[in-house]
Amino acid sequence: MSSDQGPLRPGNPKPWNDPRVRSLVFQIIAMAAVAWVGYTLFQNTITNMESRGIKTGFGFLNETAGFGIIMSLIEYNETMTYSRTFLVGLTNTLLVSGLGILFATIVGFIVGIARLSTNWLVAKLALAYIEIFRNVPLLLQIFFWYFAVLGNLPGPRQATEVAGVAFLSNRGIIIPKPVFESGAGWMGMTLVIALIVSTTLVIWARRRQAATGRIFPAFPVSLALILGLPTLVYFLTGQPIGWDIPTFGTFRFTGGITAIPELGALLVALTIYTATFIAEIVRSGITSVSSGQTEAALALGLPPRRVLRLVVVPQALRVIIPPLTSQYLNLTKNSSLAVAIGYPDLVNVFMGTSLNQTGQAVEIVAMTMAVYLTISLSISLLMNIYNRAVALEER
Amino acid sequence: MATHQPLPSQSAPVVQRGIVRWLRENLFSSWLNSIVTLVVGYYLLTTLVPLIDWAFFSAVFTGAGVEACNPNSACWIFIQERFGFFMYGFYPEALRWRPTLAFVLFALAVVPPFLPLPSRVGRWAGIFGITGLPVAGYILISGGLFGLESVNTSQWGGLMLTLILAYVGIIAALPIGVALALGRRSEMPIIRGICVVFIEFWRAVPLITILFMASVMLPLFLPDGVSFDKLLRALVGITLFQAAYMAEVVRGGLQAIPRGQYEAAEALGLGYWRRMRLIILPQALKIVVPGIANTVISLFKDTTLVLIIGLFDLLGAVKSTLSDPAWNNVMAEGYLFVAFCFWVFCFGMSRYSHRIEKQLDTDHRQ
Amino acid sequence: ATLEEVRDAGEMRCGVSNGLPGFSQPDSSGNWSGIDVDTCRAVAAAVLGDADAVEFIPLTAAERFTALQSGEIDMLSRNTTWTTTRDASLGLNFTGTNYYDGQGFLIKTALGVDSAYDLDGAAVCTQAGTTTELNLADFFRANDMEYDAIVFDTSEASAQGFDNNRCDVLTSDTSQLAALKTQLSDPESAEILPEIISKEPLGPVVRQGDDEWFNVVKWVLFGQINAEEYGITADNVDEMMDSDNPSVQRILGESSNMGEILGLDDDFMVEVITQVGNYGEMFERNVGPDTPLGLNRGNNELWTEGGILYAPPFR
Amino acid sequence: MADDGATLEADVIGAPVASAASDENIIQVTDLNKWFGEFHVLNAVNLNVQKGERIVVCGPSGSGKSTLIRCLNHLEAHQRGEIVIDGVELNEDVKKIEAIRCEVGMVFQQFNLFPHLSVLENCLLAPIWVRKTPRSEAIDMAMHYLERVRIPEQADKYPGQLSGGQQQRVAIARALCMQPKIMLFDEPTSALDPEMIKEVLDVMIELAGSGMTMICVTHEMGFAKTVADRVIFMDGGQIVEAAPPRQFFTNPEQPRTREFLEQILQH
Amino acid sequence: MADDGATLEADVIGAPVASAASDENIIQVTDLNKWFGEFHVLNAVNLNVQKGERIVVCGPSGSGKSTLIRCLNHLEAHQRGEIVIDGVELNEDVKKIEAIRCEVGMVFQQFNLFPHLSVLENCLLAPIWVRKTPRSEAIDMAMHYLERVRIPEQADKYPGQLSGGQQQRVAIARALCMQPKIMLFDEPTSALDPEMIKEVLDVMIELAGSGMTMICVTHEMGFAKTVADRVIFMDGGQIVEAAPPRQFFTNPEQPRTREFLEQILQH
């Protein structure tokens, strides 16, 4: 406010009747109460920990963990420190959440669209799927997939073979692992080149369409380039990628890449459960685009495929994205149920085993919660940016 | 030109009528659709038929113990035999009439909206449900008063515990959620800040970390010697968690009330609290019934997580019996039973919320 | 202090395992039994005169120390291994050993493996947050072998995983292996390998800094061991009251103030032995050869009988 | 609209329009200034209203009419100047604000009835909770005012079941139930269909006849001619002209007023 | 409404209304029958429209007017009979349907602009993706038609920022950008406020003057009188009467038509 407004307020009420004074006092009291509660809790914790001789501080992060973890995206062995186990847990959480989000989105979109299918059978099937799976607790579904379904797969000796290179058993799915030899670098280079060419192609296609109106199928061509060029080079350079094909030892397959069944069960359960919610979101997003929009687009002569892409989807997405992200957040939080079946996620590895070995509950739980808080706050931030970007211009 | 004689309307061509039309429009509207119908139909038949056969037709419903069962079909005897445990956990058998009575009271409070009764009855039943029932239920189930034998909470379990967790979680979370929502819309920045931080914190962390804190860490935060019941602590955790979600739902309702309502109430000389209590909240809560129902349903499902902190809710009870060596291979039956119970309740709740929504609709728009 | 709190509450809260046959397990009406459970009951009998005045709080391995640290329970009796770290840095005190154990391996007979040194590459089921998990890592590393650790949060779940063939080997304390073996769908399909790869003294734990309570819990267990040594059993305790053996008299509080100096009644061991029994009775009842577990006394035999069970004297 | 005025005049012949206002100033506004952020909405407004006086405020959209009357019962806070209502100076003092709101009834353009309460309950709310009138007494009074606005038979309906005109009449009754000394109207008829405008204006004319102090923002010039003691023309947050209706409509002093009247009487 | 007609006629004096229609039938509808379930919506409809002809369709609500014109670009499928547009017979063949939709522009009652695209982009969408016009050319054309509907200055706004009348004019421009041979209008003005009706009708009249083949469902009888070559009256899914406007309005043959006209001209 500018200074020419003179006295800010007319008159002078009695302080106890002045709402500003009241609100100030009230807020100070609230603040004091919160501070007091916080301080008491903190003080209690410190006293309790001291009187019970519990170690405090984050020094434990540099101690040797000494236990094994079945699955790790980063290098890990039992001689590494607790800070490493934290990272292992974190990356495993991110892995299962990331994959879960990917699959749940795919399944959710398919089911959501199936729900709107003109085929009665398909629509009802989608409805039944949604009503059944979203009304059953996720934890139960995780148990079901892990113990009742994956538990009944054959043992590693009787593993189901796929072309003699991939194996499915109750130890998970084992697939060959690529081994890069000299010359593989060429493939990498061609891949980069193919990516650059594709990008240029897309830009060129857009320019050409603007200039001449002709539409070039840039997407399939790019795809072919990205897949085809490196393959071509692969053969030209004498197949420089070897495959580490899993073979059965005494107990297990050695070599190859293993996807453990805990990951599988957790992923399947998270996907199926979250997809029901996503399907409903997608359905309501699509139905929120009025039929008049489709009709108008059809009446302009746009083929149904283009109507979907140019008119329906962009409008539906605005409605879909905000609730969709909150489902993504839920999925990430729900991935912590991993602890029930022993998938080594953050809660299991760090808030479970590490906490138990070090006994430093306060520090470890605080770190775990901080991770989830960070994830959730960053997603909200992105969402706000997105919402502002796509907000419809209104009168 | 002669006077126009309206042509009689003809009946539609066959493809446009009855079952043929239905089939054509819904199952075989294009060749692609026809193929999809056939494929989906085939797979449905080949999976559903054996499944139904397994679960019903060749299933064993009566008999004595595991011997009566056959490995290729469902063995429901298992559920029958452990039914009491699944429903009440370790609750002493002789006293199980008490929780049963509490359930009956609960049903009385809940059912009226489904019956053709005057809406007054429904309202009173609802009021009883959120005031009298918790007290009566607590006295009945916990005992220790009126000469009822006291039953320790560690003996509570099964579906009973699931329902108690969900019910108390909801009843206690609603007022806290409302307070948080009002706080978040307050004009006082500090109050607003506190509420925002509180809500966002609880919404960001997974429930099991909260349950873990509540169940094993809470005494660490309290003065030495202060401690309370484990179940109660789990309930506190669940309630605060739920309250944060509730707050966001209620906030949505508050935002939907037009400014004019606030101003009209203000102009009549009503103070802040009366304005909220008499004008704003009644309208806002009505709007958010579906939202509340949704959070309630997800809370109900989330109560299964108490299994991880060692409480024997329905899932915990069933799961703990699955490792009984006397009963092999009843895992599927056990899980299906739990799934069925939860499904019935969740589905029921969503219907119930529709019913309440209709009943509360006193706007009577023309 | 814990002793007063327990007296005031009229009930002791004891953390136990959430289901391990022979050690602590609830039956379908919620009655707990097992040697760990009896250890709790003995303390309750000593402190409150009523062995049933215990609230059993089932805990997973990962929760147990936090629960004790925070004061959620008064004592922990949950087949917990006594180690330096736990004793020193967790703010806990071990009061003794109620079961001397060692870590072993349970393996499917069908695999045809008869030594733990042949386990290279095996998938091993174990329980989260245990010393077992650490020993396992040490053992395999020391012998330059690889393994997959399949970690469950309860021993029950790890047994189920083993049963479902999720892993080839189940590792745990041998006593637990015996217990878990009974839970397999076909108990005969698995056998325990001969190697014992660690020392696992299991015993009750209390919070550090409360010496009074620490002594009570410690001496109840010592009392039970001494009672066995002097032949005092639940059946003959009344007759033994009249015994001339001064050691017996001291144990039973006939001629001493042992109870008083511990902050208990002088006849506290009488209550313990009548209601729970001496150590031997406790062992036989829960894990001994006549139980489904069928364990021999082994190391848990009295020192006089060739075992290592040796309690300081009441004096 | 000019036509409307004629019809209205015909209608009110029965109701004697008391124009004898006492000398006592029930509202005194001195040098009132208000800003919305940097925007100066009310600029040095002075206004005295005597007891029983009926004032019509008009002016182009955005000229600050609504803001002015919303300041009078402190729905908006002012930043400089003095407002004295019935001898009480309006400032941030909550007690005073509440006291003044009891004496000042307000009717909004959008009715703002409470949709979850029946018509009767809408009218009972403030008397019971603010004035602490016993319920039976409050009901009697509410029915009295509902009769005065000619819809006693709708007492048990909900607002959603009434037409716009009926709703606005309930809103008037609701304000009257507090037995205020002053009534403020903010374009009470502009959200209504033409037929309904008349039924609401009739009620207001009757109310004016009963000697109530009224300030009414409206563009119904017929109404202004019929009942106003003074017509005030605002523009740009200032009072441009204030005059008795006869002079205001036939011979306005300010060119700005003339311009506005030309516009408004056209359609 | 009758008055409106007069005003409109006055407005279009400048625009010569070409009523010379070529002999070529651009639309041939023969024995068209359509059912919704058991309900017979269109009953043996026959209609030939010549190139450049301007047809107004009227009739009571539910008589099948919308359904008829929606059949013409296959937004609804018909079940019996033949529709031939510009020499192509309309059946379930997707390619033909798309080809015909390129030749037939349609304007809806509810505008149905794409809210996520700016006005200009609304107009560019179809030319670029269907006609494969180069972008710069498409922009020129779009601006041309936006000028013709008199809102070139709004090109970069979004539909939500425009008034109803402006939106409907954008909808017309959007359809014109495909340079269709035929324009279908389904009550283009009935969702508009009176002031806006005029601005849309003006545009349509100008369009009619340019010789475009038009079929327009409307109740604006003034418009019908001004531009229609033929007025078609439908009832119960049938064409009851079809006549040049002069005859249709002054001397309808069918009693049913007379009845309808009496009703509609009353208010």
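Per-chain residue numbering starts at 1, and chain names A, B, C, D and E are given in the order in which the chains are listed.
We take it that a contact is a pair of C-beta atoms (placed from the backbone, for glycine too) under 8 Å apart; a residue touches a chain by one contact, two chains touch by 3 or more.
Because the structure is a prediction, the values reported are computed rather than measured.
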{"item": "Co-neighbours of chain E and chain A - touch as defined", "value": "B"}
{"item": "Identity of the chain that, by mean CA position, is farthest from chain D", "value": "C"}
{"item": "Central chain of the complex, centres being mean CA coordinates", "value": "B"}
{"item": "Identity of the chain that, by mean CA position, is farthest from chain B", "value": "E"}
{"item": "Pair sharing more residue contacts (C-beta pairs) when B-C is set against A-C", "value": "A-C"}
{"item": "Distance from chain E to chain D - Cα centre to Cα centre, in angstrom", "value": "49"}
{"item": "Geometric centre distance via CA averages, chain D-chain C, whole Å", "value": "84"}
{"item": "Computed distance of Cα centres, chain D from chain A, in Å", "value": "58"}
{"item": "For chain A, residues that touch 2 or more chains besides their own", "value": "48-49, 51, 147, 151, 339-340, 361"}
{"item": "Junction residues of chain D, two or more chains touched", "value": "none"}
{"item": "Multi-chain contact residues (two or more partners), chain B", "value": "212, 216-217, 219-220, 224, 308"}
{"item": "Which pairs of chains touch, using the document's own definition", "value": "A-B, A-C, A-D, A-E, B-C, B-D, B-E"}
{"item": "Chain B residues within the chain E interface of the complex", "value": "1, 3-4, 6-7, 9-13, 15-17, 21"}
{"item": "Contact set on chain E toward chain B in their complex", "value": "33, 35, 37-38, 40, 43-44, 79-80, 235-238, 240-241, 253-256"}
{"item": "Residue ranges of chain A touching chain E (in the complex, touch as defined)", "value": "209-215, 290, 292-293, 295-303, 306, 310-311, 314-315, 318, 392-395"}
{"item": "Footprint of chain B on chain D - complex, ascending", "value": "73, 75, 98, 101-102, 104-106, 108, 110, 112-116, 125-126, 129-130, 157-158, 160-161, 171, 174-175, 178"}
{"item": "Residues on chain C engaged by chain A in the complex (per definition of touch)", "value": "61-62, 64-66, 69-71, 85-86, 89-92, 111, 113, 118-123, 128-130, 133-134, 136-138, 140-141, 147-153, 157, 160-161, 164-166, 168, 207-209"}
